[in-house]
Amino acid sequence: MKEFIINTDEIANLISSLPADKWDILAPAKDGKSFDYVLSSDKPIINSEAPPSKISFKEYFFPKSETLFYYKREANEISLTEPKFAEKKLLVLAAKPCDAASLPILSKVFNWDYKDEFFNKRVNNSVIIGLSCAYSDESCFCTSVGLDRNNTKGSDIFLTPFNDKQYVLSVVSDKGDSFVKEFLPNLTEFTGTKETKEFIDNKPFDYKKTKDWIAANFENKIWAETGEVCIGCAQCAFVCPTCHCFDIVDENCDLNCGRRIKNWDACQFGVFTKHASGHNPRNSQEKRYRQRVSHKFDYYYEKFGEVLCTGCGRCTRGCPAGIDIGEIVFSISNQ
Amino acid sequence: MKIGVFVCYCGENIGRTVDCAAVAKELSAYPGVAHAEAYKYMCSDPGQNLIKQAIKEKNLDAVVVGSCSPHMHEKTFRKACASAGVNPYMVEIANLREHCSWIHDDIPSATAKAIDLVRIAVEKVKYNEPLQTIQVPVTKRALVIGGGIAGIQSALDIANAGFPVVLVEKEPSIGGHMSQLSETFPTLDCSQCILTPRMVEVYQHSNITLLTYSEVEKVEGFIGNFKVTVRKKARSVKDEVCTGCGLCVQNCPIKKKAQSEFDESLTTRPAIYVPFPQAVPNIPVIDRSVCTYYKTGKCQMCKKVCGREAIDFEQQDTFLTFDIGAIIAATGYKLYKIDKKPEGHIYKGYGEYGYGELKDVIDGLQFERIASASGPTSGEILRPSDKKEPKKVVFVQCVGSRDESKGFSYCSKICCMYTAKHAMLYKHKVHDGEAYVFYMDIRSNGKGYDEFVRRAIEEDGVKYIRGRVSKIYEENGKYIVKGEDTIAGVRMEIDADMVVLATAMIPQPENSKVAQLLGIPYDKHGFMQEVHPKLRPVETSTGGIFLAGACHSPRDIPESVAMASAAAAKAMVLFGSDILEREPVVAKVEASTCAGCFYCQKVCAYSAIERKEIRDRQGNLIKVVAYVNAGLCQGCGTCNATCPSKSVELIGFRDEQIFAEIQSLSGF
Amino acid sequence: MPDLIEIAKGLLESKEVSFIIGYTKDRFGRVKPYIAKSVEDANNLMFDHHSIHNLAVYLTRLKIPENGRVGIVAKSCDIKAIIALIQENQIKREQVYIIGMNCSGVVTHSTDEWKKENIQIKCKYCADKAPMLYDAVAGTAEPFEQPDDTQEVLMQKLETMSSAERWDFWAKEFEKCIKCYACRQVCPMCYCEQCLAEKNQPQWITTSPTPAGNFSWNIIKAFHMAGRCVGCHECERACPMGIPLTLLTRKMGMVAGKEFNYRHGMAIDQPTLVGSYNFNDNEDFIK
Amino acid sequence: MAEEKFEPKVVAFVCNWCTYTGADLAGTSRLKQEPNARLIRVPCTGRIDPVFVIKAFESGADGVLISGCHPGDCHYNTGNFHARRRWTFFKELLNFVGIDSTRLHFSWVSASEGKKWVDVVNGVIDTVREQGPFLKYKEIKEHDFQEIEN
């Protein structure tokens, strides 16, 4: 792995030198009390101690609302048109390792039986610059799901703070390599050693053990106990970097035209599994909560060999009912 | 779905401003439309046959007719379609006449609008569903509100046809204003003489329940199935024992405190009184506002003299409830008073005529009492102030009527005739007297009416002056009437002994209250509104409620009687069948999504929302949901709009239908 | 003042209630809703200035037996929601045992200190911190410094803006909406089994989290709160995107107060504002 | 190039018994009106859901008029009273989010007020014309459909 030293001025130069017509830059910025990924912000924040943004950056790869095609009726003829795809490149700067790691995870589901053209195009058109993380709170548990502060999964380039003004830039992927060659050709190679803080996981668990337990305990009372206070919103799923359920609907612009559209959906909604007949197999919140945990730690692992979670803790921080998914898995794992 | 579109030219009415052929052509290419054509008169037999033929040939499921207002011919077209096998509720009307051709001049924009209007209807009809009428039983009993000549006539007609009638009159006696009149135009026959037998007939009729001194308190239900509560006001006299001997009235020590309503305040009456000698029922009433007993607890003179112990000072208002099938409103009129009105009143007073403070400036009804043989002067024409015979009388027409600045836009219709009658009666009784009439136009268009006015002018020498009176004031015992003769073009000044004002006819003040109880519209003056000015003049927009007499608009006796008989006939049409078919436009609850908040119940004006428990097979309560009683629902849809989860829908105006109508606009 | 845990134990022991909806602390000290079903569970109950959640929402989310009774730990602002639910036929008075808490104001985040800057704006307007309808009362209210009503400042600013500026303000806010419906799910007054946002035959509002869809959702949600919002501010707390939703509900509350002198959730037998009318209601805006 | 004169689209939701009939009367009396209004007939103002207004704007309306019976005249006794409360809130709410009274209008027009109907409907059309097209709403709507228009 090639490593270089980069100072803050060089990062600032990079931001200003990328041609705006070809590149969008997504970086954390402060919005009131909280952080958020903001496009082309004039105040991007590159701070490894910053808490995670309130919502992950997945919407830039898997938009909250995406048109699949448009339809138009003229007389009795119906014509379809493809939406235009903006072929613009995206640089994600200072992505948390727990966010960057979500892209390879999501890629598995979006390239399984059907290759999601839009998702793949967006990933291919992006360069992710990860940033080593120095934040942790009681909701974080990235180490329990096989990640850590310096994990480069999903990043093309990775930054680790070296001193006040300098970062160690590690080239992670080929995409990262060509980016550095094109835009940062004059960096000095780094040969020293990096030091980072240790991450204290408050709820270490073994996700492999958890998987087996979940698979064997579909009817366990734990689901009722943890699901009963769930109020059934989709905050957790929508802020999550890895949740990827969507709903496909047709929406009219007038009586003769419209579009087919893909919108975020979530398993916590009562109508998520409601059949046209009115029957609902997941007819209570506890069943829906079981689904969420099972999908993340059992079904996805079963199918793709990794859990559908990066341990970012967003779902817990924002839950209006104070539910902590990490605690649930922790307690399962430590049974 | 195959929709047929039929565009009516309505002769030239639509065709002149809307290119009907272009509308049909445009719509023929519209999605869902299987057939479109235009025809001169769609409502005519050949027009209807076109529709029927197209239904059969093209196998149409739904029909849109672009024609006049649905209020005109919706039923016609529904019936035509039904006879050709299309459910009548699969028919929608686009209003191309009242809402388009008649109000626009520009052919291209009117045609464009017409296309839009038809498209709205086409989009709606796509979501229509075949509906069946709702059948409800009919209670064959009528309620008549008001016991004037109109109410009496309606009640007698219905009762004579064999149906029970409840007649409610707010005054102690029936008879109304007609009982106050001296003689009637144009025949000059005595009003009392022709009215009294009718009043007695009402009283004695086995099919009529007469409730005088009573008011309608509450009206619930709907056509064929009203539930009416009547407040029988405390008379303080037990009507079942009173014989009407009159001893109580004669012995009442109160003589002068109360103004006689019957004599239009020209005389006084006792606290216990019968409004007039021929009153029906001949049972007195105690006016508690003036009776000494109710003020001081003493007196009881009437009780002492009553041999039948009929006086009951403790009597309370009682409430009677009736099941009613049809209601006739015959609440009548009153005469406008020229008194000073409070600021902002819809009618202004007449300061220029002395605000009613000049003693010998009287109104028409007061003159009727003066001229009446049973009146305060026993028929002698004497002026109220000094009981002297006036030698010069000025009659002023259109006081209030046809005067927008005073708040009246309408003509009171009967004043021309009764003024001629008054002047004539005066001349017959005061042979050396002079009678002047100030008029705007003489409206004497009834059988024998114009002849009657001519007779007043030509035979009786009444002097008619065309012009308005600008001022009346008192000077040296005379009333100076200043006006203008617009024909001669000279100013007039007459020193009269008495002035009679033909003040406007206005609805009874309770008219609007009664209309609200009944849920029927009334106009800005308070006159009740018919549903169609020409073709349904006695029906209201509420099924089963009809209008008779001057509560609807100013009208004279023969017109009131004719209207009363018409209203009675309408009620009897209803009573002609045992089952009534009602529009299936009612609300319906989707129990699976109903959250049971019952906001629908709160907004329902008909108590049509009931509670229904949903239980599982073990009998455990799952939830309580709303349920619509289709018999009571009137189809306003307020519940539908109020329901937060959208679990109530108004059939015929379902959300889907209205959304489709709205969305059809986006294509314009 | 009797202790919350003692009251709860008594209720659960005597089986007067089948469970108690209350608060507990997790092992990190974060306060969260909790359902105590046994006397042992009752030991976990607590109440402090982090007990921000309006637990009345669970009265319609949880299954309450027809003739059963449940306990609920409620602050003054939550009690308004309970009253409103009774007013709206969602629960019967006899089905709830209200343990009213004397409250000292609440703060949003578990890490927030109990001080003026963090105390919720709604606490400023809580007429009396003492419960208004209850079966038992617990806890002690301590005086606290009233928070500044920063919202009112924004409210006034909005009122002085032009319509176009207001539109731009809200377009920017609604743009953020991701349609997670946390605002709806956390709202004690949003108890419909099927929200009109979920009604798709016909489609009432556009479900997409796009500008038009977000506009109609947020407007209709706010409108459904007209005369019904009890002012618990839970919608805004739950919103992960930080949309100032209570500005809308507060506006509805202001109209209810100004035009009709009405506040929802004040008395169980009070006729609701929606569903009643007065002949003389203001109609200046109607030509 | 001369700009085409803007002609607003006005959607009017009217009750069947008063305003629709009042508009019929205006027609019967041949009272001329501007051709920009499209009436949608509902039984009662009580039937009109605020979502109708939203949908009308979404469908490209530049202005909306809601009209029904005067207080006390409602064919269904109280529908318009409930509607009036509903609109008191809704118009304040819309105003608060930037849709003011130039876009959303209310009136009571009775079955006998044909002349008033003409004045109201022409007044609304004129006001909306003066405001110009409701671009703000069209923008958020067209955001999703901009690619389809060509």
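Here the chain labels run A, B, C and D in written order, and each chain numbers its own residues starting at 1.
The rule we apply is simple: a contact is a pair of C-beta atoms (placed from the backbone, for glycine too) under 8 Å apart; a residue touches a chain by one contact, two chains touch by 3 or more.
None of the values given here were measured: they were computed from a predicted structure.
In this structure, the chain pairs B-C and A-B differ in their number of contacting C-beta pairs, and the larger number is found at B-C. Centrality annotation: D (chain centre taken as mean Cα position, compared with the mean over all protein Cα atoms). Spacing of chain B relative to chain C, judged by their CA centroids, is 50 angstrom.
Computed centre separation for the pair chain A/chain B is 71 angstrom, with centres defined by C-alpha atoms.
Measuring from the averaged C-alpha position of chain A to that of chain C gives a distance of 31 Å. Rounded to whole angstrom, the centroid-to-centroid distance between chain C and chain D, based on C-alpha atoms, equals 34 Å. Within chain A, residues 65, 251, 253-254, 261 each touch two or more of the remaining chains. For chain B, residues touching at least two other chains, in rising order: 592, 603, 642, 655, 659-660, 663, 666.
Residues of chain C found to touch two or more other chains are 194, 196, 204, 206, 208, 210, 274-275.
Chain contact topology: the protein chains form a complete graph, every chain touching every other one. By the touch rule above, chain C contacts chain A in their complex via residues 26-28, 30-35, 53, 57-58, 61-62, 178-182, 184-186, 194, 198, 200, 206-210, 213, 234, 237-238, 240-242. Listing the residues of chain D that touch chain A in their complex gives 59-60, 141-142, 144-145, 147-148.
By the touch criterion given at the top, residues 158, 163-171, 196, 204-206, 208, 210-212, 215-216, 219-220, 222-223, 226-227, 247-248, 251-252, 255-256, 259-260, 273-275, 277-279, 281-283, 285-287 of chain C touch chain D in their complex. Remark: chain B residues 592-599, 601-603, 620-621, 624, 642, 644-647, 655-656, 659-660 touch chain C in the complex. Across the complex, chain B meets chain A through its residues 29, 31, 123, 592, 660, 663-664, 666-667.
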